[in-house]
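Paired with chain B in one complex and with chain C in the other, chain A is shared by the two complexes that follow.
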Partner chain A sequence: MYGSLRASEFVGVLAILVAGFALPFMLPEYFLYTGNMLMTYAVLAIGLDLLIGWSGQFAFAHIAFFGIGIYGTAILESRLGVPYLLSALASALIAGGAGLLIGFPAARLKTVYLALATYAFAECAQWVFRTWDPVTGGSDGLRFNPPVIFGYETGTDGAAFPVVAIILALVVTATLYLAKSKLGRHMCAIRDSEHVASASGIDVRGIKVATFAISAVFASIAGSAYTLFQSFINADVLGASQLVTVLTMVVIGGSSSIAGVLLGVVVVGFLPEILRAMPHSLLVWQEFIYGAILVAAIVFMPQGLWGLFRQRIAARPRRHDRSARESPAVRPVPETSP
Partner chain B sequence: MILQATLSGIVMGCVYALIALSLVIIYKSTDVVNFAAGEFVMIAGYLGLLLLDHFGLNYPLMVVLTVTLMFAFGALFERTALNKIVGFKYAAEAALVPMVVATIGLSFMLKGAVRVIPSTEEVLRLPPLFSGPPVFFANIVLQRQDIGIVIVAVLVMIALTLGFNFTAIGKALRATSQNPRAAALIGIPVKRMRMMAWGLASGLAGISGILLSPKLLMTPDMGNVVMLGIAASIVGGFTSLVGCVIGGIVLGVVQNLIGIFVSPQAIAVTPFFIIMLVLVMRPNGLFGEAMRLKKV
Partner chain C sequence: MSAFFAIENLGMRFGGLTAVNDFSMEVQEGSIHALIGPNGAGKSTVFNCISRFCDPQKGSIRFGGRDLLELRAHQIVAAGIGRTFQNLELLRRMTVLENVLIGQTIHVPRYLPFAPSPRRARAEAAALRDSEAILEETNLSAYRDTLAGELDFGHQKLLDLARALAGKPRLLLLDEPAAGLRNREISFVDQLLLKLAKSRGLTIMLVEHVMPLVMSVADRITVLSFGQKIAEGSPAEIRRHPKVIEAYLGSEAHA
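Here is the complex of A and B:
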């Protein structure tokens, strides 16, 4: 069905908003910081999933656009005094433009070549962030002031929490609409078979480039959200390990489904916190255990947690056949002509 | 100066080429980029040191044992983890993302396991294959260990060429990578071949580890060298064994020359820049075959 959101989706978005406004009064500051971080990761992961899960493009450049979002917003806002929303918009446009630029050559590449070219782009971008001293502060990093949005200052984690939640809710809503749009279905068609898609008249190259740009804009929005509750950025944050974290979230949660990605963000995001709470003698094994969990999760749930969950539901007999309507764009979407 | 830099670039390039060969063998036979290859190199270095220092083996025995252990380890990982992901599908393009994430997980495991051992925090050094005073040619200084690296790398490459072209197992490996289904039909044990390819590639990474560890600072993070292997194989085209030898050497030389002519700071970003440049101009690498359509 094109157009409107289903009730369950609407409730989901509403839940994010309610949590955003209620939780700052209920949780201590540290949890709010973790929550902000997780919501930022969620925006990043949803954007990455557009490429990996939806249109099947195994691209790694995401973290570079996150960096553009952070540095762009921080520099415009803090150094040039541009209002927050405008600087976020400008960064998103810059990132989207960079995404387009990357998209054109990247649309020619496939599988490993695409993965490695985009990964190389991310590394080059990190190098630029680290060495472009006059603009990014180089390896010393960049400090910035807490943004003020219409007189509302977001210096603390508690103050930033509702704003980050609104951003996440907006991104989720946009993605839900995208899933139902022609563009979203074309993306799925390209993932399922590029050749069939192009044979049925889909502009494969154009859709791929558009996906790159949209995903870059999402990453930049995540970067702008990051500046709400942080006051310092260093190029080390934008490295391969961060990228791996986001990729893990998408894959462990379950790609090409928003619920799956959000689940992955929560599970993978809390994993380091849980590992940190382990007995001290086990603490040295933290990295090993993280890797082992990663391998085990992939081996035993290749479809991700959400895929496993949905399989269970599908296996259970139902009175009405609602499962077909309830699962989002994961299954191959049949070609529909409007 | 330039000649000296070129020569030392060729030496490093030989090691990159070995890592690239390890990556390409895995990619050709199982369609996955092994992001843990750098950690295989790292593990082999530490393993060699352990065998030398702790168990008091002599050098040749250590090399043989390290490579054997690495072979077994790679084969085991393929069998226990990757095989499960691929299931019974032979054309595994859809499984690329999970498999790559699995290798990334493995790299975390290896790094984590090494970090647990307290002595790895100290500066350790694996003794080189050949030690002794450097050799002088006119005004060029050649380290003995560098000569050793080139000799070993060339021997390994010759052995691989002979093995792939003239032995039954080598031919079976090539058949498996060209068309797994047809290979299975004529009675080649495809699953065992995939394991074999991983073992072979891990053994190669092991040799690179033994060659590289005396030259680099040994740390649990030295696995980052995998990017140089990847860059070398991209230049070579990721499907061509000859290509990645050339790619490795070109990369080693270019890196050293950039260090001289541009800035030492730019060395770190060179491999990535080369990856992008090559892929934008030639999407299949310089020596790679055009992407075949495996399924619609």
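Here is the complex of A and C:
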């Protein structure tokens, strides 16, 4: 409930770090690129899940903050010579500020209106990235140098891999702590019932705004990770299809669960590889297949793959469940209707 | 001496519909005060004004020396007022214990997510102990780790009450605690309310349609019809009141 990490969570974070340092010696460069992309997606998806899965806010501005992270880090680091970590921090602050800014009006909106308003914000942001020539390079895109962190050069996928893994491990750890904190529980309470949350003393609007800001910071961190193994950014990759990819990861894996989201990232992330390997490469159908999977997942497994897996475990009879069911003394209202 | 809790000239309109019109009432400390009336009389609107889900256009609601209309919804529980919900609003994807812990929100200090402190650890341990005591009191202990959405209807009602109690209110607003329950369950709720009112020194405001429950637990009854107060008095007085028989019991008999 309250407090520190469980053993399994600690092992999970440790596994990410170990993989981060070991895999570059074991895998060819191409797989490391895919790995870097997946870890970046994981940070993005965890941040999006804070809004969608935890606080139940269907807000779709996430990719805009990802863009702020990429452009912010790239411009500060590559053009102005600010050290990488400072660039990443500054970008996170800018994204967090922008998150607060749209959080205030967005916290008053619900359902479709919230989705539309945040989606419109993301479209505006993409337009700014594409047209603000002197800063973002406009539609030509922006080329940037590989960051150097305390003398460590991250130019190749192999060199970037451990750093991206450290970023992912930090984000996962922070999210695990958040899940156990009062703030995390308040997010879930808002998702389940704003009335109950409010009547229990939770400032619903305040928590929503805070969630927007934290989620934006996570997206910006993902953007900073992206600059470690890429050398070029163009506004075209910051569009709606990117949002659909991340959203699919969250929904397929299982929202409001870190393990579920990570599972979704791996499953959806490898999908293009599988499609490519099919006879007559099905890769051109990628968007279509994502859409179909998304719809199927929502209809057939609303709790995602992880939810399905957990249900299987829960279906096995456990001892303390049975004892609760069998002791009649603790049932005060024996005649309840279903 | 000013009243423990007083509503004065409350007026609430939704567009062209007047839900509550120039309504005043007082609640005595330590009493169980029922608010009854036909469907659509404005009872729930009065509750929603008190818990600040509604912004009334007129009037004041005085409690503990301040006007509640100056507060926002999430500040009401800290002012000493807790409530339950008519339509079973629960944190369905959270466990029974978590629901009650959420009810304790105002009794755990503000968060710094990554800064554990002994003071906070003590407060959280105390919140956990209190929550478990409340589960014990409402006979929900066996369902501690069950998801609220998986409880049966009767237990969900109890959990709603347990969550409201966790805020340690001085005044508790109960919106139809017996609705949908069977007779045996109603008598359980009946006993529980009387026990709680006594042991915790609670003052209770009760909206209820189940007349036997109202008549047996209420010290005083206020009757609303079409947003206006038409009668007030002890259960015995209300039972005989001609206007009440006409507006409430009469209409119910025809329904």
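The rule is simple: the second predicted complex is superposed on the first by the 306 of 338 C-alpha atoms of A that agree within 3 Å, B and C clash if a C-alpha of one lies under 4 Å from a C-alpha of the other, contacts with A are read in each partner's own complex, and residues count from 1 in each chain.
Operating definition for what follows: a contact is a pair of C-beta atoms (placed from the backbone, for glycine too) under 8 Å apart; a residue touches a chain by one contact, two chains touch by 3 or more.
The structure displayed is predicted, hence computed values, not measured ones.
Touch criterion met: A:105 reaches chain B, while chain C stays clear of it. Look at A:117: by the touch rule set out above, it reaches chain B but stays clear of chain C. In the superposition on chain A, A:203 makes contact with chain C only, while chain B stays out of contact range. With both structures placed on the common chain, the touch criterion links A:248 to chain B but leaves chain C unconnected. Once the two complexes are overlaid on the shared chain, A:305 sits clear of chain B and of chain C alike. Of the two partner chains, chain B is the only one touched by A:286; chain C is not. Of the two partner chains placed by superposition, chain B and chain C are both touched by A:195. Contacts of A:178 after superposition on the shared chain: chain C is touched, whereas chain B is not.
Under the contact criterion defined above, the residues of chain A that touch both chain B in one complex and chain C in the other are 193, 195-196. Across the interface of their complex, chain B is touched by residues 52, 58, 105, 108-113, 115-117, 119-121, 123-124, 127, 131, 193, 195-196, 244, 247-248, 251, 255, 284-295, 298-300, 302 of chain A. Considering their complex, residues 27, 33, 80-81, 84-85, 93, 95-102, 104-113, 115-116, 227, 230-231, 234, 238, 265, 268-269, 271-273, 275-276, 279-280, 283-285, 291, 293, 296 of chain B touch chain A. Against chain C, the residues of chain A that register as touching in their complex are 1-4, 174, 177-178, 181-186, 188-189, 191-193, 195-204, 256, 324, 327, 330-338. Chain C makes touch with chain A in their complex at residues 51, 53, 72-78, 82-83, 85, 89-94, 97-98, 101-103, 105-106, 108, 111, 113-114, 116, 121, 124, 128, 138-139, 141-143, 146, 152-155, 158, 163-164, 166-167, 180-182, 184-185, 188.
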